[in-house]
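A short write-up of the structure that comes next.
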Amino acid sequence: MEIDPFIFRLSIFILSIFIGYYVVWSVTPSLHTPLMSVTNAISSVIIVGAIIAALAGNSEIIFNKANIFGYLAIVLAAINIFGGFLVTQRMLAMYKKKRKDK
Amino acid sequence: MEIDPFIFRLSIFILSIFIGYYVVWSVTPSLHTPLMSVTNAISSVIIVGAIIAALAGNSEIIFNKANIFGYLAIVLAAINIFGGFLVTQRMLAMYKKKRKDK
Amino acid sequence: MSANLLAVFYLISGILFILALRGLSSPETSRKGNLFGIIGMAIAIGVTFLSVGNFSSGFLYVLIFILVGGSIGSIIAFKIPMTAMPELVAGFHSLVGLAAVFVAISAYLNPEVFNIGSTGNIKIASLIEMSLGAAIGAITFTGSIIAFLKLRGIMSGSPITFLGQHFLNLALGIILIGLIYYLCKTQINTWFWTLILVSFAVGVLLIIPIGGADMPVVISMLNSYSGWAAAGIGFTLENTALIITGALVGSSGAILSYIMCKGMNRSFFNVILGGFGATDQSSSEKGKEQKPVKNGNADDAAFLMKNASSVIIVPGYGMAVAQAQHALREMVDALKKNGVKVSYAIHPVAGRMPGHMNVLLAEANVPYDEVFELEEINNDFANCDVAYVIGANDVTNPVAKSDPQSPIYGMPILDVEKSKSVLFVKRSLSPGYAGIDNDLFYRDNTLMLFADAKKMTEDIIKSL
Amino acid sequence: MSANLLAVFYLISGILFILALRGLSSPETSRKGNLFGIIGMAIAIGVTFLSVGNFSSGFLYVLIFILVGGSIGSIIAFKIPMTAMPELVAGFHSLVGLAAVFVAISAYLNPEVFNIGSTGNIKIASLIEMSLGAAIGAITFTGSIIAFLKLRGIMSGSPITFLGQHFLNLALGIILIGLIYYLCKTQINTWFWTLILVSFAVGVLLIIPIGGADMPVVISMLNSYSGWAAAGIGFTLENTALIITGALVGSSGAILSYIMCKGMNRSFFNVILGGFGATDQSSSEKGKEQKPVKNGNADDAAFLMKNASSVIIVPGYGMAVAQAQHALREMVDALKKNGVKVSYAIHPVAGRMPGHMNVLLAEANVPYDEVFELEEINNDFANCDVAYVIGANDVTNPVAKSDPQSPIYGMPILDVEKSKSVLFVKRSLSPGYAGIDNDLFYRDNTLMLFADAKKMTEDIIKSL
């Protein structure tokens, strides 16, 4: 009578699609460019898989065949994470309201 | 290393709150009354618990102490389900656009 | 039916419920949305039957009970007049609350069936979820009953307050938490039953201090509660459909309460702590009557509107009381035949529940594209010849803009005062829900039409 | 760290990502949103470290690699000019795609670590999820590379088409499905590597037929793909944060593509099947040149605008090319000092990516409350004296309203033609992205200012 965890993950996936739909429609058009860069950054959370892969298994041979791909993925994802969040930050910092004292 | 299903249910619960938030804000104010009646109807999906309770256990003694509450809950929930959906239907049927031929 | 398949079906039914609410984003899609809701419910009930799989005589009884409940529900749904929607919703909530309590009781008495342990040895987590569900359900039940009685006028709408009320509520709240704690620790039945009884009492005590006029906020709040109760039971039953639905209904009620409080510019706590609407109307009535008021009759009103080029109708609670929506619609038809441009302006908290006026106008066959929200139409008053205010009062009161002392200060209002002339249909100079006098009555460009809203409107039709 | 606690933390980080996107609903909340995103990422990475718990030398290497990647990323982020955002986003996507491929490969080679079986004996479900993730990731990778090259101008933007192209793509698609099927059946490594190689090829083939100008739609589409790839890997790794994020990014990209296609009034398939923008511009250029055109200089423009009471600025792709945003801002400041009311009108697809113009104006310190969307400002053109169109073309072309034969028919446009006079800053009469002639150039109330946008704007400042 146990439910397969896959079903739960599927539920989470489907519900998140709904949230994505609503959340993105509520983004103001003037911030669509930062939206693209920030989604870029957050989709690099795939780095968690890369870390697990890199640290996997026996710690003697650090760079075996499977681990090496993990390390490569870490570099790629890290570029994206830092690059994505920082460039978003840089863009968002530019959006200013009219100052009162003018 | 198995994850407790409760955690998944919690995730589903939290994500659904987000969806509820967005879905309800997107309801047009003129339909707020039907919104109240339809949420009423759907929250009566608690009837599934009532059915399980009513049909529980040994089928000889149909109305034992635990079952009887199940049957009572079924009646209450059924009133709500039929009443809620039908009254919503009735209200929504009244919302009409201006006819072109007038 | 395997547990996995069952879970998928419950997920589908949860998603259909989401789509049901989503449909309400516009009148065109709303009917399809309601259909999704019905299908979702049918799936949930259907697979539950299949999962139990025990097609014994008990099954037959279940069907019979569903039919009995269903018939009662259907009859109510068809008979109920649209003006009684607020109390209907309150009544329905009480049923959901009680059903949640009953399901929790069955689960407590018969935990094996729900896979949550055995009698006297229920899983702690399930026990917590279950007692939360039962407690919230019980509060919802009695609370909604009180709201129902107040709205129906069976019980006086005036707030019932006594010394130490908030203190008592606080004490009961602490007792509730203590009961849940001891219940989990000892699993003694007495605690469970006491928990439910205390919750019933809390439901009553929470709602009696709130004035009858604040009931709409209370209803949505209870709507929200019933959602959380359902979600609690959903965790106990490990049922996805219930969890999703509970969360949806929970947020929905909370957001509606928020919208109402915002529309009235009052804080939620101000409403919940009660005492508002304690009718010191008498005091505001006297001492004002002497100010001069322009008094008109149906012929004056008909003349004014016939010669106007645009008229905006502002309906309020009085239209609901007088059931004047059909007459109003006929009057508008007559005006349109005379070439007058007519539209309707709806304030977010006009009437006694959100969307109240919209439903009534829809009932009278007013096309929804002639009906506008406050922000859409508020600028048009400046260019409009006549504002026909029918049974509305607070939502037009300019004091909300001018007097920071006023209880409705800051509430957005319909700017009827900007139109060339204002017609007020009401029975007297007595104030509305908020109990404060309306300056507009005494203005030069205002004509008061003292009469029942329906009668006056019918008279105007005759003169047109 | 227990699996449960870990799952809770991943859930929290998923929710923080939701809040990050939610923040973008307004500029005020957006910075806080970005912070939420960063915290979410930090939590996800942090708990992953703790969960592996193996603080061996490998751990040090991981940190080093993160630092290396992070430094590269940070340098790029600080050095990149705002005008290069489209290609930056494309480049970043390719990295996400490749990372997904790499993670899938590690999981395939070392399934024990991920709890999905043992080498040669991986769970079928995980294998499907993994190969889908790898295939989509690979397509994203090569597709984004092509998009990057086209946007950067390293590769020609013109569509590369050949006979049987769609047929080849279809065949490759079928082969992909076959490969996944055989991979699951036999678990032979060759199928896995072939799958990845074929997906790389598909990525290239899908994007080369699409014209350079259609790349923005392609970027969002690839954004969406990278999300689905992440979600696929998330299922394999049983990681909630990845599943939630994948779904978020997947819908986000899809919706942005939809918004762009809608803004251009083209169907998504029309874009994807390619061939648009195949520049028959030459044909439209000749034979039109003879029509009379009013040609002005900076002094004329300065005179007109100085004496106007209201001016609306319509920026387009040309402003980005010329990097004219700073000059524009100075010009507007000068005009404002002269008492002219100035606002900016942004078409949803002005420039080469959604929100392109807004970022550039923000970069030039234009306050965002002076910048308006199409629906907000379109009615104001009728009451405006001068529309200053700087490097925009298609988004002002009235042919979208009048000629059902035109490729942009039905696209909503900015009604600059309704303003009293129109100034067009561009270098020639050549058409814009859609390759169609703009009637407005030949109208009586239009003054063409042939020059580079930046140069012309600076000249105008001088004459003001």
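A, B, C and D are the chain letters, set down in written order, and residue numbers restart from 1 in every chain.
Basically, a residue touches a chain if its C-beta (ideal position, glycine included) is under 8 Å from a C-beta of that chain, and two chains touch if they have at least 3 such contacts.
Remember, it's a predicted structure, so these values are computed and weren't measured experimentally.
Of all chains, the one whose mean C-alpha position sits at the greatest distance from that of chain D is C. Centres computed as Cα averages put chain B at a distance of 17 Å from chain C.
The centroid of the Cα atoms in chain A and the matching centroid in chain B are 35 Å apart.
Averaged Cα coordinates give chain A a centre that lies 41 Å from the centre of chain C. Within chain B, contacts with two or more other chains are made by residues 2-3, 5, 8-9, 11-12, 14-16, 18-19, 23, 26. Counting partners per residue, chain C has 18, 238, 240, 244 as the residues that reach two or more other chains.
Here the touching chains pair up as A-B, A-C, A-D, B-C, B-D. Taken together, the chain D residues at the contact with chain A in this complex read 10, 13-14, 17-18, 20-22, 24-28, 30-31, 33-34, 37-38, 40-41, 44-45, 48-49, 52, 54, 56-59, 61-62, 65-74, 76-78, 80, 82, 85, 88-89, 92-93, 95-96, 98-100, 102-103, 105-107, 109-110, 112-114, 125, 219-220, 223, 226-227, 230-231, 233-253, 255-256, 259, 346, 348, 353-356, 358-359, 362-363, 365, 367-371, 373.
Taken in their complex, chain B has these residues touching chain C: 5-6, 9, 12-14, 16-17, 19-21, 23-57, 59, 62, 65-67, 69-99. Here chain D touches chain B in the complex through residues 3-4, 7-8, 11, 14-15, 18, 115, 238, 240, 244, going by the rule given at the top. Partner chain D is touched in their complex by these residues of chain B: 1-4, 7-8, 10-11, 14-15, 18. Listing the residues of chain A that touch chain B in their complex gives 2-3, 5, 8-9, 11-12, 15-16, 18-19, 22-23, 26.
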